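What follows is chain A paired twice: with chain B in the first complex and chain C in the second.
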Partner chain A sequence: MANDSGEKPETKMLDELEKGPWPSFVKEIKSAGQTSASAQDLLRQLELSYQEKKGHWKHGGLVGVLGYGGGVIGRYSDAGDQFPKVAQFHTLRVNQPAGWFYTSDAIRTLCDIWERHGSGLTNMHGSTGDLILLGTGTAELEPTFQELAQAGFDLGGSGSAFRTPSCCVGMARCEWACYDAMKLCYDLTMAYQDEMHRPPFPYKFKVKCAACPNDCVAAIARADLSIIGTWKDEIQVDESAVNEYASAGLNLQKDVCDLCPSKCMAWDGHKLSIENHECVRCMHCINVMPKALRPGKERGAVIMIGGKAPIMQGALLSSVLVPFVPAEELMDTLKELIRRIWDFWDEYGNNRERVGELIQRVGLPVFLDGIGLDPVPEMVSAPRDNPYIYFQVAKDGEK
Partner chain B sequence: MTDTTSVPIEILAEEMYQLVADCAGKKNLKPGDLTKEMIAKHGPACSKDDCKKALRILIDSSRCVYSYLGGTYIQLPPKPGSEI
Partner chain C sequence: MPLFEVEGRSYEVDEDGFLQEPERWNREVAKDFAATEAIADLTEEHWKIIHYIRNYYLEFGIAPMIRKLCKETGHKLNEIYKLFPSGPAKGACKLAGLPKPTGCV
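Moving on to the complex of A and B:
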């Protein structure tokens, strides 16, 4: 879009945000403003907001392109007469490639499309994981979508939908990956296209895949369903490498053993011993001594449920649903589990109630019963946290 | 579906459309509300999957649209000229 408004925006207050050594979104929007009139009006409206201490965006209404119930976030200015180029300033969510790997060609293609059809401003990436294209008018939505589709991209999820799944870089770059998070993320994305583009649920449903307990996608705090890589057997130890760390000055007692949350490690000055049955797979020791320790060989993932950020009710961390699924069984297990969870949530979930809130409302035992899982000790986040779950030794003849 | 006892998808779509039209301006319906309503009405003669297909007919023909009001709802298309 050409700059047809003549004058450069007056941005006294915003200019403050260009000072200092750190990156500045004001600087970036100004740079986009050299070729984009809507980026200029964006600056003008933002400057007004800073002066008045008042936001000027309205949202809601429009949600997608033809046939889609998500992927576009409708955004309108309530000062559209003053700033006509941002009167409609909708956001598109574009489904990112698993692990956020692009060729530079793909990025150029995306940016070219967006300069032709929108403000040129992007957010790589949004907290949903999607590639975010910021700001265009209603009439540009279909043409943008057509060009994106031609380039091999599709919109992501929004609204009460299966949201665009995301994952860590996993096996592509990381030696700690306990399963192929990128493949799982891609397979899940393809398996639930319908639920992503045609929102069928009481509210949003997010799935995130982290290939080890470091959880670089923060699945545990954000996803309704987290798939976090872990191992079942023993941490692999290279003893000579342990001793190299010690002679290089690492204080194994203070910095490794004392910080192990389950206090299951001991260092006698020569040998590191780990009581693996007490290890809670927190990754601390492995992170400190990556050359000496690594996850075990029997790898897979723990499936957790119920995380969410603080909108509506407060924030929730996920709880364990299935303590360990071998890597090769993950997709089949997930498909069955997701089906049962969605059936239960569909049936009993209130309007705008995330699955974690539903579980809090009806109680974990009722939820487990509803989806046909037996309680196991790993589901208890702290001893006696919930006095209503009892564990009994199975009698003879029982499972 | 070949099962002769099931309600045809087109009929479901029509009934869902009526619901949305009757509730317009009074009550906002989610996709799940429509499904529950149809299943309550027809019992085993209609499945969740049938309802999904019926909804798709309404959306793809633009007789209804998805809309966002904090969550996702099904509404009649906005009248030309109205913004949100």
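Moving on to the complex of A and C:
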């Protein structure tokens, strides 16, 4: 698209945001503005917003493609007369490949499609996980969607839907992966196409798959259903490698044992001993000594529920729902669990109430009863710190 | 405010094409808007959903939740999408003359 006026946007205030050593979105939009008139109008409108200290995007907007109830977020400018190229500036969410792996051909194809139909501006990736295509008019939505579909891409979720699941790079690049997060993410995406494209719920429902407790996708903080890899047995220790770390100057006492949150490790100068039953899977020791320590051999995931960022109510971290599911049983367990959770939430959730908020409102025992799960000690947040719950070491022969 | 014009009749609509004068709604209005939502003919099934949404809105001042809509009309969600290709919020609510439903992106 050519610039109608032929003049460069005046961006005195925005120019300030180009200074400094860090990346700048202004620089990127200016670069897109060399070939895209809407990127130029975007700069002009943003400059005005900075001058007036006032946003110019209207609230809401309801646009979409036929057959889908989500995937497009309507954006309208309230200064469309001044900046006609951003009067309509809708966003498309494109379902990302699991682990965000693309061939360069795929990225070129996507960018070519977007330069033909939109502003050319992308956001790879948005906090939802999707590939975000920023800025186009209503008339371009359907043609863009058709071309994306031809290229093998689909729209993601938006609104009160099962949102596009996302995952860490998992087994593709990471030796700590306790289950195949990319496969699970893909399988979940395919299993819940209906719920993703046709929003059926009281509010959004997000699933994120992290393959180990490092939780690189921040599933625990951002997903209603967090699936976080873990292990059931003992941390694998390579003693000679531990000693190599020590002789190379690592202070095991100070930098490993003292920083263990449950103080489950001891270092006597020769041998690292770990009280595995006290381990809370924080990953610190493994992160510090990746050559010496590895997650255990009996691997799987913990399923947690209720995480969310603050919108209607405050932020919540996920709580444990199922303490351990073996890797090979994950998909079957999740399908059954998700069905029960959705049934309960659909029945009792208020409009715009996340499942975590519902659990807070009715109480975890009622929720567990509703979905047919028995309570277990792992569900108690910070069990060792809670004075109302008394733990006793089991005597011999007792369960 | 944009105008939606069809066969000599014109309606004030918002930028997404939702009727801005709810008191003007009648069956003719719904028929006029059907063409904008890729619906060739309004069948009894369409009317059942439109009337349910309309009555709910007149009683409570908001659009019904999806679950309630499905339950009360006896339609599964994907059936509603077959009737209204752009979905219950954009398609059915527009034909029922509701203002644009608010939701979260």
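The definition used in the following text is that the second predicted complex is superposed on the first by the 379 of 399 C-alpha atoms of A that agree within 3 Å, B and C clash if a C-alpha of one lies under 4 Å from a C-alpha of the other, contacts with A are read in each partner's own complex, and residues count from 1 in each chain.
Going forward, a contact is a pair of C-beta atoms (placed from the backbone, for glycine too) under 8 Å apart; a residue touches a chain by one contact, two chains touch by 3 or more.
Since the model is a prediction, treat every value here as computed from it, not as a measurement.
Peer 1: Identify the partner contact of A:Leu66: answer first if only chain B is touched, second if only chain C is, both if each is, neither if none is.
Peer 2: both
Peer 1: If we overlay the two complexes on their shared chain A, which of chain B and chain C does A:Asn351 touch? Say first, second, both or neither.
Peer 2: After superposing on A, A:Asn351 lies in contact with both chain B and chain C.
Peer 1: So, A:Pro202: does it touch chain B (first), chain C (second), both, or neither?
Peer 2: After superposition on chain A, A:Pro202 lies in contact with both partners, chain B and chain C.
Peer 1: Applying the touch criterion given at the start, work out whether A:Tyr76 contacts chain B, chain C, both or neither, answering first, second, both or neither.
Peer 2: Both partners.
Peer 1: In the overlay, answer first, second, both or neither for which of chain B and chain C A:Ala149 touches.
Peer 2: neither
Peer 1: By the touch definition at the top of the document, which applies to A:Ala161: first (chain B), second (chain C), both, or neither?
Peer 2: A:Ala161 contacts chain B only, not chain C.
Peer 1: Does the superposition put A:Ala315 against chain B (first), chain C (second), both, or neither?
Peer 2: A:Ala315 contacts neither chain B nor chain C.
Peer 1: Overlap the chain B and chain C contact sets on chain A and report the shared residues.
Peer 2: Overlap of chain B and chain C footprints on chain A: residues 58, 60-64, 66-69, 73-74, 76, 158-160, 194, 198-203, 346, 351-352.
Peer 1: Quick check: in the complex, which residue numbers of chain B touch chain A?
Peer 2: So the residues of chain B in touch with chain A come to 30-32, 48, 52, 55-56, 59-60, 62, 65-72, 78, 83-84.
Peer 1: Considering only the defined contacts, which chain A positions touch chain C in the complex?
Peer 2: Per the stated touch rule, the residues are 58, 60-64, 66-69, 73-74, 76, 88, 91, 158-160, 194, 198-204, 311, 346, 351-352.
Peer 1: So in the complex, which bits of chain C are touching chain A?
Peer 2: Against chain A, chain C makes touches at 15-16, 18, 38, 65-67, 70, 77-78, 81, 85-90, 100-105.
Peer 1: Can you tell me which positions in chain A touch chain B when the two form their complex?
Peer 2: So the residues of chain A in touch with chain B come to 58-64, 66-70, 73-74, 76, 158-161, 194, 198-203, 346, 351-352.
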